[in-house]
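Chain naming follows the written order as A, B, C and D, and within any one chain the residues start at number 1.
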Amino acid sequence: MSMSYSFRLAFQSIIRDKWVNLLAVLTIAAGLLFTAVTVLTVFNVNLITREIPKKFSVNVYLKENLQKQEIDNITATIKKEPSVENIKFIPKEDAWKELKSSLKNTEYILEGLNENPLPDTLEIKLKKDSINPDAVKKISTMLKQIKGVSEIEYGEKFLSSIYSLSLGIKTIGLTLIIIMSAGTLFVCYSTVKILFYRKNREIETYKFLGATKWFIRFPFLIEGATIGLCGGFLGLLGLLILYYFVLLKVGSTFPIFSSFVFPLNMSYLLPATGFVLGVIGAVIAIGRIRY
Amino acid sequence: MITFENVSKFYDNQTALRKISFSVERGEMAFITGPSGSGKTTMLKLIYMAEKADEGRINVNDMELSQLRESDVPVLRKNIGIVFQDFRLLDNINVFENVAIALRIRGVDEREVKSKVFDALKLVSLRHKTDSYPTALSGGEQQRVAIARAIVSEPVIILADEPTGNVDPDTSAGIIRTFKEINARGTTILLATHNRELFKNSGKRVLKLDFGNFAGEEIG
Amino acid sequence: MITFENVSKFYDNQTALRKISFSVERGEMAFITGPSGSGKTTMLKLIYMAEKADEGRINVNDMELSQLRESDVPVLRKNIGIVFQDFRLLDNINVFENVAIALRIRGVDEREVKSKVFDALKLVSLRHKTDSYPTALSGGEQQRVAIARAIVSEPVIILADEPTGNVDPDTSAGIIRTFKEINARGTTILLATHNRELFKNSGKRVLKLDFGNFAGEEIG
Amino acid sequence: MSMSYSFRLAFQSIIRDKWVNLLAVLTIAAGLLFTAVTVLTVFNVNLITREIPKKFSVNVYLKENLQKQEIDNITATIKKEPSVENIKFIPKEDAWKELKSSLKNTEYILEGLNENPLPDTLEIKLKKDSINPDAVKKISTMLKQIKGVSEIEYGEKFLSSIYSLSLGIKTIGLTLIIIMSAGTLFVCYSTVKILFYRKNREIETYKFLGATKWFIRFPFLIEGATIGLCGGFLGLLGLLILYYFVLLKVGSTFPIFSSFVFPLNMSYLLPATGFVLGVIGAVIAIGRIRY
């Protein structure tokens, strides 16, 4: 059996049924585009929400009039905590300036104050996996017991809401990805299978003429693979067009989207998936060949 | 070459063949005849294993069919050229490719394919239809393409099922002449037909079937 | 009933019919014969408008085909019963439904359908195959289902294209007898065949075609 | 032509090709489920972000020691503005209490103050369509000119970020919905069409037997409609399962999702779309019937 012959047979068949094959290609393209859009959207939303916890910090207000030595000791103690990412010392003068500037137009609130009432502060950033209500509560109890610490402050509400938000987005995102991917793959597979069904008589004729299993299968596999591959490339093309024209345009108006990440080095996945689906669809559609 | 020993074949609600014993020698040409539905096609199907016998033994080209491994079925079939009663042409390839496929399946060198296909098409007077697709052929033309496909690979055995049902008597006579020539070169031929003209005065053996039963043998 | 006046039909690369004039009277039974590819099927196709004539005029049942509105084509066809050369049975319905469809299309009352279908199947000796699907029938059985479908609706005209190509001489004779009986009741019948037995000594007119040309007329 | 006959023919055909028809039904179900999930997700995200602008307000700080009458006049003037939704008067005592409570642990900042330094405030909520940077700037200029007003304050940064966020979500949501819906509808249509292609010979036979166009079309339409309808109902079933099991479960863990809205009264849309697609797919697949 000559390879080139199988290819010729496959392409003749593709060309003869060009319209319905085109439809199948477009269907697969649409399907894969779906999955890609879903995955990218979820991926990017997740990326954005991952930034939120970075804004979370625990503020340790120190007692007044501590020596530099004492502050260093406290810092060192805290640093030993495995969940602490880094510590920043904010002298009360800086905190005062910041408060003033944050009040801006209403700074006359502070007019009656002669003296800076703010304490020195240690601003602690926690490691990402420690930013959840339980872990933070534990650490703050621990911090309170350190000598020289007067108060611990952190946005309890902020913490619990970012925590549930990011978990929720992860859950819903994963659910979406699973539904969409499974559905899409099924749709692509089903399209190829429906396309190939009723070739039974053709296959039977080949068998009766003495063709071996691979002689029969090969042209069909090539046909399926070609259709799947074309679908994959077309889907990729659609995705790129979508990315460049829609998102870069939206991004120029809404800067939040200009940081939209598109992993170009993963783009081979679309044609590859299409190829695999085309082949599998064809294989299963042809079925087990028995003589 | 082909031996049936007490072969029976049952379909769900129907006995297609009942205890048929029959044999065709190597290089022989023989006929099967009988009324519509008497089991001619079924007999041929058993030979190329499109159907399996429910009882009895069949031996083809020294292969015991009931013991044939699945992977040997294509080997068996490559030795056989078949003219199907319903032609079984492939609609999505042209006449040339429909005939050539028999050679391609047998791995014949591409250089030989062209001349062999043209020779076969010439034998059935269809050289001018090389590029046509089966759907644009008349009934008789389709049948002749099927005949060309069966003989082009020069198989050891030819099974022809009603090969002249759609052609005129002259063409029909020409086809039988061709089969006889091929047979004279050593090919075993088994031909199912109800057209008595084909075997009348042929001097060949004729197996008669009736409702699946053996109904005598005669010399045509 | 059927009149051809200088009718020609060309396919892309082929003249299928050249200036054919011919007519079949109401209630007549006539034959068309000629070698394979001579244009018999094409002639019948022109009558039921599966193809359009490129030249000339065709009149069927007092309808001028070239002037027929599209919506009248089904009306024309409902007057015709056709036995197609390749049968054209519907594979996804059984034998009963395949025959009944001709009645259903003509809006025959459901109560009459059953008895008419059974009568037609009896005429072609297929009462026992009522529930079979076409793919489980022998070639000759399929052909007879096609015949039953053509006659069941008692059309004004019957066109039969090689209706005995797959049946034995006895069955064949029976079918011709049936056609003659139907014809005797007033139905116009045009039958394309290369089987001379069918029209030999029939006393009916036979139109001869050769490569699309008129090649004489004789009485069978 | 009897209707019941067309139905029988259609259902016989459906049953004879049951596996490939099932595949088509599942494909359509998956497709419609996609669209529904996308539309619902976008719809709900949009619903949540629509709540954000409600938190936006413009604060008008009044000069000290205004008479009740003067304040009422100012309120009336502002109320005339078409973009104003409502106005709330916050006496300086209330503002003071609020400030204290918001400082909570750090209220000693205010220890030095003997007297409430805060002004009386009018809190203005704007109509939704006026919450965009330009409109707010215009209004605040206008407000400043009112006699008795000392200062105007609004979160400029907050405003511009919620504005771009909500616009961005709308844009990306709409884009997603359009892509997904168009793609899905195409996939469904294409599936029905591929399913029906190669029925040409069957249709031709009907024609040659004298069948009228509608006699031919009807069984195919019924077949297409049934497949589409089944697909639609199955998609709806999938959606409901998804809603009840996944979302209500997720919602119990993450309260943000428990407010997920599912417009039950729109659920007829899925079967309806499936039906229409099935019929259209079949109609186009059968094509224009010419005798």
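Keep in mind that, in the parts below, contacts are C-beta pairs under 8 Å (C-beta built on N, C-alpha and C of every residue); 3 or more make two chains touch, one makes a residue touch a chain.
Here the structure is a predicted model, which means the values were calculated and not measured.
Q: Which chain maximises the distance between its CA centroid and that of subunit A?
A: C
Q: Measuring centre to centre with CA averages, how many angstrom lie between subunit C and subunit D?
A: 62
Q: Where the CA atoms of subunit A average out and where those of subunit D average out, how many Å apart are those spots?
A: About 22 Å, centre to centre.
Q: Distance-wise, how many Å sit between the C-alpha centres of subunit B and subunit C, to the nearest whole number?
A: 29
Q: Where in subunit D do residues touch at least two different other chains?
A: Counting only residues that touch two or more other chains, subunit D contributes 17.
Q: By residue number and range, which residues of subunit C touch two or more other chains?
A: Within subunit C, no residue touches at least two other chains.
Q: So how do the chains connect up here, line, ring, star, complete, or something else (other)?
A: ring
Q: What's the complete list of touching chain pairs for this entry?
A: Every pair of chains meeting the touch criterion: A-B, A-D, B-C, C-D.
Q: Hey, which residues of subunit C end up touching subunit B in the complex?
A: Residue list for subunit C touching subunit B: 11, 33-37, 41, 85-86, 136, 138-141, 143-144, 161-162, 165-171, 194, 196.
Q: Hey, which residues of subunit A end up touching subunit D in the complex?
A: 17, 20, 23-24, 26-27, 30-31, 33-34, 37, 41, 61, 99, 105-106, 108-115, 117-118, 151, 153, 164-165, 167-168, 171-172, 175-176, 179-180, 183-184, 186-187, 190-191, 193-195, 197-198, 242, 246, 250, 253-257
Q: Report the residues of subunit A in contact with subunit B in the complex, numbered from low to high.
A: 1-2, 5, 9, 12-13, 16-17, 201-202, 205-212, 215, 290-291
Q: Hey, which residues of subunit C end up touching subunit D in the complex?
A: Of all residues in subunit C, those touching subunit D are 48-50, 70, 73-78, 80, 82, 84, 88, 90, 92-93, 97, 101-102, 104-107, 110, 149.
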